[in-house]
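Structure, as structure tokens:
Letters are used for the chains, namely A, B, C and D, taken in the order the chains are written, and counting of residues starts over at 1 for each.
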Amino acid sequence: MSAATYTFLGPEGTFTEAALLQVPGAADAQRVPCTNVNTALERVRQGEADAAMVPIENSVEGGVTATLDAIATGQELRIVREALVPITFVLVARPGVGLSDIKRISTHGHAWAQCRLWVDANLPGVDYMPGSSTAAAAMGLLDEDAPYEAAICGPLVAAGQSGLNVLAEDIGDVPDAVTRFILVGRPGALPERTGADKTTVVVPLPEDHPGALMEILDQFASRGVNLSRIESRPTGQYLGHYFFSIDADGHAADSRVADALAGLHRISPATRFLGSYARADMQPAVVAPHTSDAAFASAHAWVDSILKGQ
Amino acid sequence: MSAATYTFLGPEGTFTEAALLQVPGAADAQRVPCTNVNTALERVRQGEADAAMVPIENSVEGGVTATLDAIATGQELRIVREALVPITFVLVARPGVGLSDIKRISTHGHAWAQCRLWVDANLPGVDYMPGSSTAAAAMGLLDEDAPYEAAICGPLVAAGQSGLNVLAEDIGDVPDAVTRFILVGRPGALPERTGADKTTVVVPLPEDHPGALMEILDQFASRGVNLSRIESRPTGQYLGHYFFSIDADGHAADSRVADALAGLHRISPATRFLGSYARADMQPAVVAPHTSDAAFASAHAWVDSILKGQ
Amino acid sequence: MSAATYTFLGPEGTFTEAALLQVPGAADAQRVPCTNVNTALERVRQGEADAAMVPIENSVEGGVTATLDAIATGQELRIVREALVPITFVLVARPGVGLSDIKRISTHGHAWAQCRLWVDANLPGVDYMPGSSTAAAAMGLLDEDAPYEAAICGPLVAAGQSGLNVLAEDIGDVPDAVTRFILVGRPGALPERTGADKTTVVVPLPEDHPGALMEILDQFASRGVNLSRIESRPTGQYLGHYFFSIDADGHAADSRVADALAGLHRISPATRFLGSYARADMQPAVVAPHTSDAAFASAHAWVDSILKGQ
Amino acid sequence: MSAATYTFLGPEGTFTEAALLQVPGAADAQRVPCTNVNTALERVRQGEADAAMVPIENSVEGGVTATLDAIATGQELRIVREALVPITFVLVARPGVGLSDIKRISTHGHAWAQCRLWVDANLPGVDYMPGSSTAAAAMGLLDEDAPYEAAICGPLVAAGQSGLNVLAEDIGDVPDAVTRFILVGRPGALPERTGADKTTVVVPLPEDHPGALMEILDQFASRGVNLSRIESRPTGQYLGHYFFSIDADGHAADSRVADALAGLHRISPATRFLGSYARADMQPAVVAPHTSDAAFASAHAWVDSILKGQ
């Protein structure tokens, strides 16, 4: 059996690759960096890769909007795993360069935004040069003609480059910053239910149906299904047309989630199921007695007996 | 085959018997008047009668509260039909008695209350003597020693008694008054779905569950099921313990109603199903596309395909 | 200054008089027993009494339905106090009569229903004679020709009659039974806010407004106002016309309650305010920060500043 | 009096400038193109401009996300007007260049995406070169060394350049595409209420409050206030922290809107009011009787009379 092939939002050394390395076996698998989220996912759709690791929430390298849109349309995909990566930043430079030598810093714009307090306090007056990723900014320093003296990147990049010195660690402004990534494959058998699961759906807002968003939310609320993420995205076609990308607690094999999914499909038939998978934090769902599998089974048995005239 | 046996809230000649006579075949069946609702229903439970006709809403002979409570507890019963009876009142007296001879009138207290405007206008100063039913008051006039000269009753009573004269017709204060009755049998196959049906349930309010009433109502609202009657009754045991008696549009064989019933059972497992039956007014339910049987079938097929990994 | 005058649902010695005696000063006030709830309230409306004590929930002497209907219509009244009376029953007989001598027992029907287990266990085969009240049944024993040998009544009655012996105490089937009474006066300044208050309203269900009941309940829910009692009553005019009698936690002077009242009035303009008064159990309301008086004040100040263009 | 100064998302000739030209007097005012939304708004905050025209929905030049985020934070701003611009595209080239000469086309990425069908059908195999805006792509053609032969831009750009030929008109894939823009000023007196107004708010989702999104939506729904736009945006600080950008029908001077605003402020005290202004389509709001100004006034008068003890 050949090893798995994974695509990811590259380049190598970014936080996305760190997320991919959390997948069992990924260290020995083929890992293919892609220049954007769409390409990473398209290779999975075409069967050239088994799965793609892409950011879904709060990424320092961008790509979140692209991911939300790309998995919401086109050929169906399935999220099979999530990964959380703590976001810490280091400042790197070439050997011999000290803090006082730095006039310009390069990094991805989102990373720059997250280190502004440290930079303002420690390197006041320094200039910023946009980089296409944190890793690309760091790699660029290996070129002697680089028009900047330092880069901000993740520890993984820094550790992988013997040609770079770490001048400062943990320079991010938000102490416990975390980015969430998802591993996306093709439709197939769902990952096993663990009791600490998450289900992701994309629900187009039916435009001819006033109050539809409250009805959509009520499908979850009325079954005691908690939501951990809800984001709207314009569909891009007409003004006022949206879809909602939603993470709900629980697995499609949980009766309360299956019932909520059926309700969503009735209200918005183009609802797309994007997967049920284990939560990275392994926090079990709290299930009220009246939304347990047993309560659903008992209720359906009761209705069946009524319909049979018993 | 022997004819059916029906009990009803008596005595003979009341509006309840008029309701019973609307049932096909009831004119030739055995009709057993009972002195109270509980007895009428108990005979059905014991198998001594096939069904009982009792008032459920706005009765001029009382009994509504007794009906609501009696069908909510004890051995299960099923409503199989409803009947609406227009409520019109006549004033009767013995031959030879005219309006000017009347000093005292007897009738049931509820009937009295509904003819007060006519009496005040046409027989000012007349006294009222309570009767146990409209029919009993009328019958009492046949006794020469009756301590009153006239009675208020329904046209059916008046028509059945050659010994009484009708002095005035249509003397009720509310022109289009109607009482609703139900025919109650033992559990069995449900009446056929007609598209213009009603489903009756009794839902105990779970006391350890704040907001439970809104959750109960939401089981109907979220499936587009309209309610035509909702009444609370104390359970009689503790302060603040209630059950709700509810009529909903639709038949248990309608997917949206079946789904609502399942939801009720989960929230309040002691929910009692009291029957699905044709509406007396034959007004068809309005069903939104997303709550149609087809929408439910499509939604369940979709969820099944997800769970099968397709 | 002359002492206050109170009417109450009589006769003397019932649980209702026990409730009235909890009112400071009532022991020395004039206490007028009335044969029914309507009369007791009418005397207050006419100014012949200062207030009336009547049952509102779970009474062993009946009258609850009459109270709900009487305060919901007619000239406006205000609840100014509530009283809880523990319901315990004693069996009384004339001196010289023992348990083995008892063939028939009289009491109010509701009281009889609540002592059936004890009677079945201790006096099997005994007959029941309906009484118009527990007190009347007990008093009747003083008549030598009484057609029954014992009566079930409350301890207050028994204590007041030297001519009766208590044969058994605490014979009720429900150990902690309690009846709730209300003291009803004419409109005027509201009782002071205590932090542990209750507000009573009557809300007619607007018939031309589907979903109105959920909207009504939402007026409370959306302001975090808990409901301790909700009962529907038919208005008696047309089928399907109801009003709801509701007890809500909090005082009209609480911003969240005042805001809910305004919402009710918009949806159902005939909503009737029946009073804000201290809870008998003195249990303080739990108020979420976003429904506190401070939150309302801050919100209104913010909206005002917007409208002033600041 | 000096003329007004307006900033807008440039460069000149874009759809944003077309939107600005809809503002009375803007044709003669000073119009300052800015390279990004933040700059356009910052100049207003600093008092260097009176107002800024920026895209808020479905822009072909991007900027929408930047606008949503920029008006949600920082020094307060107010939307005072909205403008709708029909989006039509033309293909332009230098004189002498025909369709068959075109090997590469430049335009903004969003515009490219909206003309793909036409391009694939009429210019198969042509290459795409990203441009920073539609106008910049068109202007670039004036340079003889431009590395592309044609550009896609709006009719306004084409009309303004005598050096360019229009090779094809109306080449967009969506026939009735429209982009929505807003004119943003500093806080001050609100625009007059017209009866066909819109109110924009930014509501941070309180994270410690489960069900908060439904509560937020219910503030509008329970007052009959329709929403025409709702979008979530991550706050960027922590996973799962969002704010919602919402357009609601009606003006803050409408009682139902003012009441909804107060409710939002209670649930999410950091709610930001972004303005009430006339709808571009002049479609009047439909107001149910129970959410009219009169209903609110009557409700408040009623509650006041209760609190005064009347």
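Keep in mind that, in the parts below, a residue touches a chain if its C-beta (ideal position, glycine included) is under 8 Å from a C-beta of that chain, and two chains touch if they have at least 3 such contacts.
Keep in mind that what you see is a predicted model, and the values were worked out from it rather than measured.
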item: Steps in the shortest chain-to-chain touch route ending at chain C and beginning at chain A; value: 2
item: Centre-of-Cα separation between chain D and chain A, whole angstrom; value: 28
item: Averaged-CA centre spacing for the pair chain B and chain A, given as whole angstrom; value: 58
item: Per-residue multi-chain contacts in chain C, two or more chains; value: 218
item: Pairwise touch network: line, ring, star, complete, or other; value: ring
item: Which chain pairs touch, all of them; value: A-B, A-D, B-C, C-D
item: Chain B residues touching chain C - in the complex, by the definition given at the top; value: 57-58, 64-65, 113, 174, 176-180, 210-211, 213-214, 217-218, 221, 226-232, 234, 236-240, 242
item: Chain B-facing residues of chain A, complex; value: 187-190, 209, 215, 218-219, 222, 252-253, 258, 261-263, 265-267, 269, 273, 290-291, 295-296, 298-300, 302-303, 306-307, 309-310
